[in-house]
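Down below are the structures I want you to see.
Presented sequentially are two complexes of subunit A, the first with subunit B as partner and the second with subunit C.
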Partner chain A sequence: MAEVQRRKERLDRGIKVRAESIYAVSSWEEAAYLLAPRIILVLGLLLAPLLVQSPYWKRVVTVVCVYGLLGLSFDFLAHFVGLVSLGGALATGVGGYASALANKALGLPVFLSIPLASLAGGVVCTVLLLPCLPLRGVYFAIVTLMYPLVLSRLVEAFNILGGTDGIPGVQGFGGPWAESYIIISALLLCLFGLRRLVNEDLGLILRGVKDNDQAVKASGISVTRYKAIAVFIASTLGCLAGAYLAHLYMWAGLSLFALDFSILPIAATVIGGGGTLVGAVVGSMILIPLSELLREFGTLRIAFYALVLMGFIVVRSEGLMVWAQRKYHQFERWVQI
Partner chain B sequence: MEIIVYGIVNSVSLALMALGFTLVYGISRLPNFAHGAFYILAGYLAWVGIRSLNMGYIVSVLLTIFVVGILGMAMYRFFLIRVRGMPISEIIASYAMGLFILEALRWKGLKGMTFTLPVIYPGTIFLFDVPVDYQRLLVVAIGAGIVAGLWLFTKFTRLGLALRGIAQDEQAAMMLGIDSDAMATVATGLGSALAAVAAIVLLPLGNIVVEAGYQVLIFAVAVCIVGGLGSWAGAILASFIIGFAQILTVSYMQSHFQVVVALLAIILTLIAKPSGLFGRQKQLEERV
Partner chain C sequence: MNMDKPLLKVEGLSKTFGGLQAVQDVSMVLYQGEILGIIGPNGSGKTTLVNLITGFIKPDKGSVKFRGRDIAGWPPHKIADLGIVRTFQNMRPYYSLEAYRNLIVPLNSPRAKRMGMGRWGERDTVALDILEEIGFERDSFVPYKKASALPTGYLKRLELARCLALKPEVIIADELFSGLSASEIASLVPLIEKLQGGGITFIMVEHRLRELFSLANRVIALDFGTKICEGSPKEVMANPRVRQAYLGPGGSD
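Take a look at the complex of A and B:
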């Protein structure tokens, strides 16, 4: 008996096609179709600190945003430049220490020390990673994995920057509202900024580097230079997160180089959907509160993330946001072949 | 003299750690980031066999090597096979696997000084006036034995030749009827078993701690990069270079710098000779 063979056909919704061009402004429907997901995200993030009552969960919201930033940085490097960095903690560590130093040694206030530390930290990370930029895939991944370990060893061995005690007494934000909204606005700015950036000429070149760097080289464009720019952008985001953390905990120490800052953003990106940028944020919105609920299990949490990560990458490697975007933009039907 | 003796011991230990990783990557282009986790898992399993189940040394060691090998095969067969050919996913998936094993072991209480494997033959001997315990000599002997065994295996057995065929030209090998996936399964199993052997030989020199799992992975990759991929001679030479460099730093500086040496070796190699010591042009294209 011949089995009836079917395949799933996906077609763009009419409203998506209309909303892509100038007709987006033709009616409220199209405009709403375009704006609804963005508004939900922005409003959701802005209202989150208002909706949760306890200071503990307010803190969780800020941590979600921190990991969202780190996830953005990972997603940008991995899916738009093709550099898989397993060492996100390098940027958080450098940024955190830089901000703590700027605050303690130079006496700069918070709103100066964080941006300064982000930029300076971005430069430092880029310089550190410069020799590894010609590397691809596995090699880049493992070398970046080593960096946070090595840096924390160096801090320990030379007993610099406060050694194992870290740098205490970093200035705080002075209130939960400033704490929450600084990081939320930073996250939203970076998210929409990066989304715009990857569609500019720079983003085009970076994707060229990812897909076929020989062709980019043949076009007379320096691959290493653009990789360095991308690493600078990504590590600036990471350093921003690290600098924020140093001020949030009023302390910069070796725990800023912890494995968490490398692994969680990757897990968040994989769950949320790589290559969408917003997926990293959505992923951390799911993972971090979940991990807070699992806090009593101690170190088993990391094992749990690893399990979720494995499950997603093997069974649903596209991630939630890619799936959601498909459902939103397209309808599906079965057709007979 | 002390530096030479301990340098050799350290180099062979590094080679032991790295062989499994090099093997898997060399044959099936699969970066097995769970390598360090298998190493620690093997140590733990052997400990359970000897201390908790009282199975005797030989039985539990053999059983451990076997079980870890099977686990490696299973990891490829049921898990990594689904992300084969997507480098990003391969790295993340195998790293997640390793992370899961390591952190689950940590949760089981694998920390501190309580977990040690027995040495095979206790005692110390004086070699050129340098005290060396028998276990360290055994490391060198077993390391040399494994290298020789692998060399014979890949030159003279059908399976070994098939593995080399896949490593050299996957498509030509497939045309000759060699199943790429089956070979990758075998390679992962073999690589994990090698990690287990390394663990059983090396772990009696210290404690079984989770952190060592990450270090083993790092050293393995350092050796791999410095030596050039898939090249046995390169891997062994690289482990000697890194091994001696480490011993020199430990004796003239602090032991904190061991990992730093590995990273420096990688960076210097990449700047000076990106394809590694024994790498060929084809590999250069893949890496850089």
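Take a look at the complex of A and C:
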């Protein structure tokens, strides 16, 4: 007897009009359908510091946001510009030291030193990475990996910027509420800002560079210039995270160049789903608390951590948010063929 | 065409890859408003010549003069900025972007902005206008489809549309007709004639000789990287060296 052949059919839920991202909304149900995921994310983040009791877990929430920012920075460069950077720690280090200097040497208050350090750090990182911009793929990745290692060794060897002691006595935020809500609002602003950006003209050019840099050149556009702009945007986000960390720990030191800041955001992006931006945030919401929960296992912690990571990658290799967005936006049904 | 107005002058252009002489001492003139065909068997250096003129490969020797200015060795985006734009033989759209958004990229180039091809907020409309001109049905779903979902015929048109977004002076079309059906080519021919009438000069590199000969004003034939013949389509078709290059020695049927 012949086997019944079936295939999965996917249908868009009908309110998209022709193009992606253009919707015709005609009822409150449809508006709710579109807005619900956003509202859940925003409310969830805003309520998180209220829902957790201990100062320890409040701190975990802020660290989740820091890694969320770094993940956004990585996802933006990798999936919308085509530059895979393994050097997220370059930005956290430069931003952290810049903010500590702005605060200690120039006497600027926190609300000025963080934005200033983010922008200035973004410029510094862009200038440092400028020579690597013609490199592609794995070559760019390897060179970016070297930068934080080299910079931290330079600080150590020449005993500059406090050497191995770092810069202590950086001004703090003055309370857990400011600590939490500064980074949460920064994360939400950057997330929705980047999502807007990748659909604006600038974002479309960057996506063009990713898809096909030859065609961008043939359109009379300097690819290097736009790569530099993209690196500046991504490094500014990374520097913001680093500057925040320096004020959070009231100290800027070599640990700001730690490998964690390069690698964990990438793992978070892979788990959450690359190319969705929000996936990087969701990924850090899973990975960072997980790593805290596993502390009880002592030395076996990293083994369990690796198992969970592998589980996610095997079961949802496309990434959690890619899968979730598809389930949310499309009907699926089996049809006979 | 205007025989006393040379737009582009190529002199003694040469390029070697390792031991292979890809283009050898090629000279040619492109006159304002004409369609110049470039033909030659596979591996004769046609695409390399296009890459040399548009800056995607730097020449070893020789000059490319556009309106008297030597542009040989310039980076590709500077040459495109002058209005010398090209299509790619293997189409190169932005596959993850919708067809009309493919044009937002060139519409944001310095040249398009200088030429008044739409301000911020108008670019979507300008992109749809260009696509309609080039044969995308405006009120259909086609302009809103991702390039990865478009068939070859539309992708070839999209290549032309990318050129038009820059308000070009010269379009260098690298095998625009290859991979297209006879009816698709038939619908492209009047479009190219219309663009020529609008003042755009063409260099067309082609394998489809019959269609090219009906369009081109002049034809240059290449073989083994050197120019073997130049003239009207009829003269080139009758030239024994061209026949030999295509059909092999003794192939003068």
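Going forward, the second predicted complex is superposed on the first by the 300 of 337 C-alpha atoms of A that agree within 3 Å, B and C clash if a C-alpha of one lies under 4 Å from a C-alpha of the other, contacts with A are read in each partner's own complex, and residues count from 1 in each chain.
Everything below uses one rule, namely that contacts are C-beta pairs under 8 Å (C-beta built on N, C-alpha and C of every residue); 3 or more make two chains touch, one makes a residue touch a chain.
Only a predicted model underlies this, so the values are computations on that prediction, with no experimental measurement involved.
**Q** Output check: A:94 vs subunit B and subunit C. Expected answer is one of first, second, both, neither. What do you get?
**A** Touch partners of A:94: none, neither subunit B nor subunit C.
**Q** Would you mind checking which one, subunit B or subunit C, touches more residues on subunit A?
**A** Between subunit B and subunit C, the winner on subunit A residue contacts is B.
**Q** Give one of first, second, both or neither to describe whether A:156 is in contact with subunit B, with subunit C, with both, or with none.
**A** Only subunit B is touched by A:156; subunit C is not.
**Q** Please indicate which partner A:263 is in contact with in the superposed arrangement: first for subunit B, second for subunit C, both, or neither.
**A** Once the two structures are laid over each other on A, A:263 reaches subunit B alone.
**Q** First (subunit B), second (subunit C), both or neither: which does A:146 touch?
**A** After superposition on chain A, A:146 lies in contact with subunit B alone.
**Q** Per the contact definition in the header, classify A:314: touching subunit B only (first), subunit C only (second), both, or neither.
**A** Only subunit B is touched by A:314; subunit C is not.
**Q** If we overlay the two complexes on their shared chain A, which of subunit B and subunit C does A:120 touch? Say first, second, both or neither.
**A** Neither subunit B nor subunit C is touched by A:120.
**Q** Taking the superposition as given, does A:48 touch the first partner, subunit B, the second, subunit C, both, or neither?
**A** neither
**Q** Which subunit A residues come up in both lists, the one for subunit B and the one for subunit C?
**A** Subunit A residues touching both partners: none found.
**Q** Any idea which subunit C residues touch subunit A in the complex?
**A** Residue positions touching the partner: 54, 56, 75-78, 80-81, 85-86, 88, 92-98, 100-102, 104-106, 108-112, 120, 123, 141, 144, 162, 165-166.
**Q** In their shared complex, at which residues does subunit B touch subunit A?
**A** Where subunit B meets subunit A, its residues are 25, 31, 33, 79, 82-83, 86-89, 91-93, 95-97, 99-100, 103-104, 106-107, 214, 217-218, 221, 225, 254, 256-257, 259-260, 262-263, 266-267, 270-271, 274, 286-288.
**Q** Once bound in the complex, which stretches of subunit A touch subunit C?
**A** 18-20, 201-202, 204-205, 207-208, 210-212, 214-223
**Q** Provide the residue numbers of subunit A that touch subunit B in the complex, in ascending order.
**A** Residues in contact with subunit B: 78-79, 84, 86, 131-132, 134-139, 141-143, 145-147, 149-150, 153-154, 156-157, 263, 266-267, 270, 274, 297-300, 302-303, 305-307, 309-310, 313-314, 317.
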